[in-house]
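This is the structure, below, for whatever I ask next.
Per-chain numbering from 1; labels A, B, C, D, E and F assigned in written order.
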Amino acid sequence: MMNSKEKAGLSHLDDQGQAKMVDVTAKVETTREAVACGLVRMQPSTVRLILEGGFPKGDVFSVARVAGIMAAKKTWELIPLCHPLMLTGIDVSFSSTPERGEIALEARVKTVGKTGVEMEALTAVSVAALTIYDMCKAVDREMVISEIFLQSKQGGRSGTFIRSGVLPPSASGS
Amino acid sequence: MMNSKEKAGLSHLDDQGQAKMVDVTAKVETTREAVACGLVRMQPSTVRLILEGGFPKGDVFSVARVAGIMAAKKTWELIPLCHPLMLTGIDVSFSSTPERGEIALEARVKTVGKTGVEMEALTAVSVAALTIYDMCKAVDREMVISEIFLQSKQGGRSGTFIRSGVLPPSASGS
Amino acid sequence: MMNSKEKAGLSHLDDQGQAKMVDVTAKVETTREAVACGLVRMQPSTVRLILEGGFPKGDVFSVARVAGIMAAKKTWELIPLCHPLMLTGIDVSFSSTPERGEIALEARVKTVGKTGVEMEALTAVSVAALTIYDMCKAVDREMVISEIFLQSKQGGRSGTFIRSGVLPPSASGS
Amino acid sequence: MMNSKEKAGLSHLDDQGQAKMVDVTAKVETTREAVACGLVRMQPSTVRLILEGGFPKGDVFSVARVAGIMAAKKTWELIPLCHPLMLTGIDVSFSSTPERGEIALEARVKTVGKTGVEMEALTAVSVAALTIYDMCKAVDREMVISEIFLQSKQGGRSGTFIRSGVLPPSASGS
Amino acid sequence: MMNSKEKAGLSHLDDQGQAKMVDVTAKVETTREAVACGLVRMQPSTVRLILEGGFPKGDVFSVARVAGIMAAKKTWELIPLCHPLMLTGIDVSFSSTPERGEIALEARVKTVGKTGVEMEALTAVSVAALTIYDMCKAVDREMVISEIFLQSKQGGRSGTFIRSGVLPPSASGS
Amino acid sequence: MMNSKEKAGLSHLDDQGQAKMVDVTAKVETTREAVACGLVRMQPSTVRLILEGGFPKGDVFSVARVAGIMAAKKTWELIPLCHPLMLTGIDVSFSSTPERGEIALEARVKTVGKTGVEMEALTAVSVAALTIYDMCKAVDREMVISEIFLQSKQGGRSGTFIRSGVLPPSASGS
């Protein structure tokens, strides 16, 4: 059975369990920041193709970065119960480990507002990952988008959150 | 070094490696279908909260399903080099394994068109997963969106693709 | 109790009552047309203000017409389970009866496609009516948008539909 | 003839009657709330089908609620002269009277901003009503969307407005 | 060679030259205004057709004005690294010189925010010009959209900017 | 005075001069292509800064290219009376003449459809130019976007159009 704290937690559902956009009218505006991460797993040769393929280094990343930034701004349009927010900073970056066949993504999003920007950071990572997938799928159809999670957040009533380093067992592959 | 087949594969990049939308003008329209999968990992108690929480069963799923369907239709708007397509069918479904703390997502998308709907199915899964995250994040901030991949596709010149059952080692957790 | 024909009717809900976008992949493309109507009721003086107010006649209508046309093209983005369609013609027109305090709207939408354009015509009327409301609300806050319905449709398997002239009792005001 | 107060009222039109977005730069931000209502009239059997049809109760309402919430956030995109606003709360609810063949809708929208949220509440109701229409049109093509109006508003220079209970004669059906 | 001031200037590019949305979190909100201009050059007869064509004067301008206003609000969606802003006023106006075959456009945009509205004003002018082009292209395919520039801006740390009257040699046609 | 051919030409205006989306229902689908051009004039040092600035060559172009491609797909959403079209190919390219302080843009768009893609090519050029402006405006506020025109089109009833090489006197700067 669910205790009242848990019940309160699913804040997007009202007393009858119907969806609504949580009322944040009375909350104060504070500076907010969130960092989200993700991975695209692919053949090592696909990573190398992106990095060394004879075309200007990083063009796949350049397109994916723009896609991630633009998607962060559209989060409220994609996620039904997200509040619109005026983002004040978005950064999307990539690092690659060809021998493991991995491209890691990180998005950092900032705002001054009444709600946090966790979903904006997660959306930026997700859409940047999908864009990498799209640009590489002709050579590698078995890519996997994985390990998308919130790394940290700051600001707001609930304060700072930093994810503990260890992923849950089934995700960490141990 | 990259052979010419691989080079051809990154079809979104032209000879100078600049992004462009691939020219599919001359391709014939065929019936296309794609199925994509994904997982949201969370605390077992969070899964149970969604399933048994005293509110109409499945409302989180209901909102996430609508979000996934609507996002599939916007794929061309999110992924820079995707072609616009007139989708003819979209299905998003969920299954849950509370003891493992997992919610599995599947999206099936269809069209009659010149290009496939892999990205549309993957986008539906991603946005539905983000919506689950958004609705549950107040009780469980350590959720992980994971294992988003293409399960199968049909139609088009490259024909049918069915993913082999086994995920890459680092993703399958073995 | 619901008979099977009725059950089949709610075609957006699958066997478990979950929302999905109906699969129209196998349907043939035919020429489609739909006409929808609506009313905005207001003070007679507000109608006159629009018609005779010293500014170029019909500018309120001009803005509302553009809004209706643009909204018709976005129907698939607004109505979750609507299919995207390539509209081939949209017409929005107005007529006014100042002494009754009424502005009547009509939208006619055409396409060649697998599904009908009823929702597109109804959306055009609704958004044009909302635009009239927006432009006039500073002088008349008690306006009512009313009697939005499908007047006729043509094309598709279900053929031609022409609405019988009489509104349901509670709507017709008799 | 129009007096100067009326002329000032059509605030979206400048001296030459050309459309413009009203300048609210100098207005102060205040807490705003608006409530809008609407009706969808249908066959009594259609209402019952929604309510008792063997599928999870209220799924039509669930999809329509999400559609209304998402549309409220897009009001500035649909209504040409509306200002963008950062909505801080959106609620869409339904009640039904099967014997009268009526589903009533209500949307409550909040913000802290320089302009009111009347159009946002009206847009939420309109799009939720269109979504009900879309999901039920296969069994009942003669539905009518009706009586969409502003019930109340609070905040801003013009203060509180509460609609008098009686609809205009032709709308109230007396 | 580029000095450090110039390097700092390309503020959308980080140290590695990767695109990012500039961080304006710490900037104060100030009242901002920007005015942008543009020209559409066409056959003198095309200008006259717009102005005197037997249809309500200015309807091309009316549609183009609405298009420009709506586009200004979507600037953040079109220009990848633009910040979302809540515009508080938008004005688009036209003047014509039939004997020179010119229609001049001006857009004035205001906000209270952390960044300026130059891009919003330029986007309004560009889309209004494209709309004129679209509406007239059936009679005059050789139109040229030209001389789109920032006329002035106010507000923000960099203060007031007023463009010097003379266009660069190649643009001014001298 | 306007002859009937000219009057017919303004095809977006009906008999009363009201805007409507031209009815293309009965037109056949043909392969269409359009090429549009444009210029951004700036200080020679600004061109050099883009080309040689120590960051990966062409990142400004990379972002502008993505912006142009994405905007082409949204043309129907920006230009009120444009038909939605399923674009089958989009290419945006740049060339620069630092000593003249010019960046030239070209967009090539293709589709198979009932209407042409002139507006899509012109929109791609316009938004790519605005993006260049946005990314460089911190170092050069006096840039001018100029000479946006249709270079050629193919397909459709009106056949092939190739622009004569000479711009109108006032645009060509002679």
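One rule holds in what follows: a residue touches a chain if its C-beta (ideal position, glycine included) is under 8 Å from a C-beta of that chain, and two chains touch if they have at least 3 such contacts.
Because the structure is predicted, anything quoted here is derived from the model rather than measured.
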| item | value |
| --- | --- |
| Chain of greatest Cα-centre distance to chain C | A |
| Distance from the mean Cα position of chain B to that of chain A, given in whole angstrom | 15 |
| Where chain D and chain F are represented by their mean Cα positions, the distance between them in whole Å | 38 |
| Chain A and chain D, separation of their C-alpha mean positions in angstrom | 33 |
| Where chain A touches two or more other chains, by residue | 18-19, 56, 58-59, 62-63, 66-67, 70, 74, 80-81, 85-86 |
| Overall pattern in which the protein chains touch one another (line/ring/star/complete/other) | other |
| Chain D residues touching chain C - in the complex, by the definition given at the top | 2, 6-13, 16-19, 38, 41, 45, 48-50, 52-56, 59-60, 62-63, 66-67, 70-71, 74, 78-82, 100-102, 118-119, 122-123, 126-127, 129-131, 133-139, 141-150, 161, 163-164, 167-174 |
| Sites on chain A touched by chain F in the complex | 56-59, 62-63, 66-67, 70 |
| Residues of chain E defined as touching chain A within the complex | 14, 18-25, 27, 76-77, 80-81, 83-86, 113-114 |
| List of chain C residues in touch with chain F within their complex | 31, 58, 61-62, 65-66, 69-70, 73-74, 85-93, 110-112 |
